[in-house]
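Take a look at these structures.
Both complexes below contain chain A, partnered by chain B and then by chain C.
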Partner chain A sequence: MKAEDIFKDLELKFENLKVKGNTLPRYKAEVQPDKLEEAIIKFKSNGFNHFVALSCIDWIKDEKFELVYHLFSYEEKEDVFLSIFLPRNEPKYKTLRHLFPQIETYEREIHEMFGVEFEGNDRLGEFILEDWDNMPPMRKDFDTVKYGKEKYESVPLINEGGEKE
Partner chain B sequence: MKEFELFVGPQHPGITGNFMYHLWVDGDTIVKAEAHPGYLHRGFEKLMERRTWQMNVALIPRICVPEPDVNEAVYAMGVESLMDWDIPERAKYIRTIVLEMARISSHLLTIGGYAGAIGLYTVGQWTVGDRDYLLDLFEQLTGARVYHIFIFPGGVRWDLPDGFLRKLEKVLNYLEGRLEFYDKLLFANEVFFRRAPDVGVVPKDKAIEWGVTGPNLRACGYDYDVRKVDPYAAYPDLDFEIPHYPKFGDFDVLGHGCDCYSRMIVRRLEIEQSIKILRQVIKKIPEGPHTLKLPNPLAWKVPAGYAYARVESSKGEYGYFVVSDGGKMPYRVHVRGPSYTHGINVTETIAKGLNIADFSQTIFSLDVCAPDIER
Partner chain C sequence: MNENPLPSVIPDKEWKKIQRMLSKRSLWMIHFCTGCGAMEMPPVMTSRYDMERFGIIPMATPRQADLMLVTGYVATKTLKRIVRVYEQMQDPKYVIAFGSCPINGGIYWDSYNIIKRLDKYIPVDLYIAGCMPRPEAVMDAFLKLMKDIDEGKANGWMRYRKYYDQYKRNQMRIFKRWDE
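Let's turn to the complex of A and B:
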């Protein structure tokens, strides 16, 4: 079943992403968080059974996190991006690892790097970072330079009072 | 017998990079496996948000050491999608040369590594030695041996040097002659026949759902390849086959697919196909400019939007999800590496029931590349 028809069934508005280099069409649609699971199940049962990736984007100006669930169909040869928006001050969503097992790993990483909570995933916790004691580092307001200076002994720059050689 | 814990990695000859598997073992059978990344995290995705569109080209090849060029290609394709650029034909062909050379050199490393995991150490020495001829070509073409920083948004950095195609042809002839020796040493070796078939099996009906891509998926009997499914560069103009189980040509079909044996045979056959592709490129490459005229790198803004580009790397589907807010730097770039699924979920699941001695050959045959798991 073509992605356009599934979008019509689900009453979702979609946009076409620009494609150069590759050739297949890519569709992106915004979904309400409570409708997402149903939408992914619908796509999965209609041939979109390759879960490519789950990406998180920190839209700090809008105070939102965007989660993009990316599916691909080898039969129809189409890409579908379903995105949901979560409030930035309390980002919480449910786990969807029962649909595709690799979602679990993406959720673990997004939990660690962006601080999004996924209810029902019992493997959240330390994944890539170890003994991390600051805000999740992939958030836009995390200042890497400041963190580096506070955490590790650093030699001050000349314009910050450091010595000339 | 009581279970005991075994750590494979982060420094271990049977691991494919700085990466660790924590195994729970009963006798010599694995009952549980957990992947532990974190030894290589360099924060590329964060760094990319603080560099201009052009500066990133010098950063991203470092994400994947054995095959850095795929990063440059997907990044360039992502930026070109947002900029709405059509690159010159010649640039597409030069990209194909770079990507196929990278595929051969990466497969040579994998074959060498895999052979080491089943105790055939000579193969690794030969393949690494032969890979050097490709690195010499890369050096002549790009000025660097490992990180080439050659594929730019809009085309490639410069045109082919004089006599490059003639040298490439020579190296291809040499490599083709060498395949026979690898066959004698590994692919027609009794050790390989006895140890590889039906070991480390990914269930065929689950393979796509688990996110298995590339040679690992083709070893399960699917003929899916991004070069054919979602073609890019010059691949639509070229004639090549997709080796997959059970179409192994002169090689015996042992085992039932989805196993170490099929995965390695697919890789071995892909080298032949890459040589075939490169020979066609040498004949067909058109004249013309090698790049578009690029904007001023310091004032280069990319229109706001989302783009996803994918290529077929030697390990599977490699993609970049590029998001721009219309600024001079990317707003967010998410790297979809093939090893993210192969190295964590797939390995954790299929490791159960494996013999300890077969664990290393399984992860080598899956070609798990730690750097693209944690970026």
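Let's turn to the complex of A and C:
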């Protein structure tokens, strides 16, 4: 089933993205957070059974986080991006790992790097970073230069004598 | 250091010289592949540059190795493993740091996760500058290290023993916990 028909069934507004050098059709649609699960199930049962990626964008001026769920259909050779917006001061969403198990890994990464909470995912622990002691580092208001200077340049050099054997 | 009874004709100082002369000809190497420098190791190891003619062979475990190569940037997560590997090696042990990243951060100078200078945390005997150093530079570093060992200058392992408290204090500023 073509993506355009599925969008019409779901009564979603969509736009056709144009990417230079890429001939495959790509569609993007904004979904209400409570309707997303239903939309993904609809896409999954109509040929879009490849979950490509879940990514997060920090729109700091709009005070929002955007989560983009990226699906692909091998039958129609079409890409679909479904995006939801979450408030930036309290980003919370439910986990969708029961639809595609690989979502769990993406959710762990986004929880660590952006601080988005996924309810129902019980593996949101330490993932890539270790011994982290600050705000999530991929947020736009995190000053990486300042943090690096404070943390690493303040470590003193070893007072070496340079003795011989 | 030497448990066997010494022949009475060789004084202790001379004996150490002989030990150094012999140990520089059989450096067994463990390379800690952290960054892009691991790509430079195959030509150095294999027939093109052939480091085995100097008695350097790659070794699988840290307990049997004399020489550790840190081949690239060091993240905080990696540093914990590097310190673990370094402490497992037996004395005398030597460290060579590859490329500009362990010197001052390199292209990761503004990163939140890369430690900028490796010798604040473990002693480094030799740095190779460059991004990345070519196999010729690596061979040159091996020869320089052999010369340093022969002259008794490559004594980072002694510094680690002597200033152990300072090194540990610096390491624990980066790590919150040591038990995982």
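Assorted remarks:
Just so we're on the same page, the second predicted complex is superposed on the first by the 153 of 165 C-alpha atoms of A that agree within 3 Å, B and C clash if a C-alpha of one lies under 4 Å from a C-alpha of the other, contacts with A are read in each partner's own complex, and residues count from 1 in each chain.
Rule of thumb we're sticking to: a contact is a pair of C-beta atoms (placed from the backbone, for glycine too) under 8 Å apart; a residue touches a chain by one contact, two chains touch by 3 or more.
For clarity, every value in this text was computed on a predicted model and none was experimentally measured.
By the touch criterion defined above, A:Val155 reaches chain C but does not reach chain B. Of the two partner chains placed by the overlay, neither chain B nor chain C lies in contact with A:Ile41.
Once the two complexes are overlaid on the shared chain, A:Lys77 sits against chain B while remaining clear of chain C. Once the two complexes are laid over each other on the shared chain, residue contacts for A:Ile60 go to neither chain B nor chain C. In the superposed model, A:Val68 makes contact with chain B only, not with chain C. For chain A, the partner with contacts to more residues, out of chain B and chain C, is B. Of the two partner chains placed by superposition, only chain C is touched by A:Asp131; chain B is not. In the overlay built on the shared chain, the residue A:Thr144 is in contact with chain B and with chain C. Comparing the two complexes, residues 128-130, 137, 144 of chain A contact chain B in one case and chain C in the other. Of all the residues in chain B, the ones that touch chain A in their complex are 37-38, 41, 43, 45-46, 49-50, 76-78, 80-87, 208-211, 213, 222, 224, 229-233, 236, 305-310, 317, 319, 321, 323, 331-332, 334, 336, 340-341, 344-345, 349, 374.
For chain A in complex with chain B, the touching residues are 17-24, 26, 28, 49-53, 55-58, 68, 70, 74, 77, 79, 81, 100-102, 104-106, 127-130, 137-138, 140, 144. Those residues of chain A that touch chain C in the complex are listed here as 128-131, 133-134, 137, 142, 144-145, 147-148, 151-153, 155-161, 163-165.
Chain contact summary for the complex, chain C toward chain A: residues 16, 20, 76-77, 80, 105, 109-117, 119-120, 123, 152-153, 155, 158-159, 162-163, 166-167, 170, 173-177.
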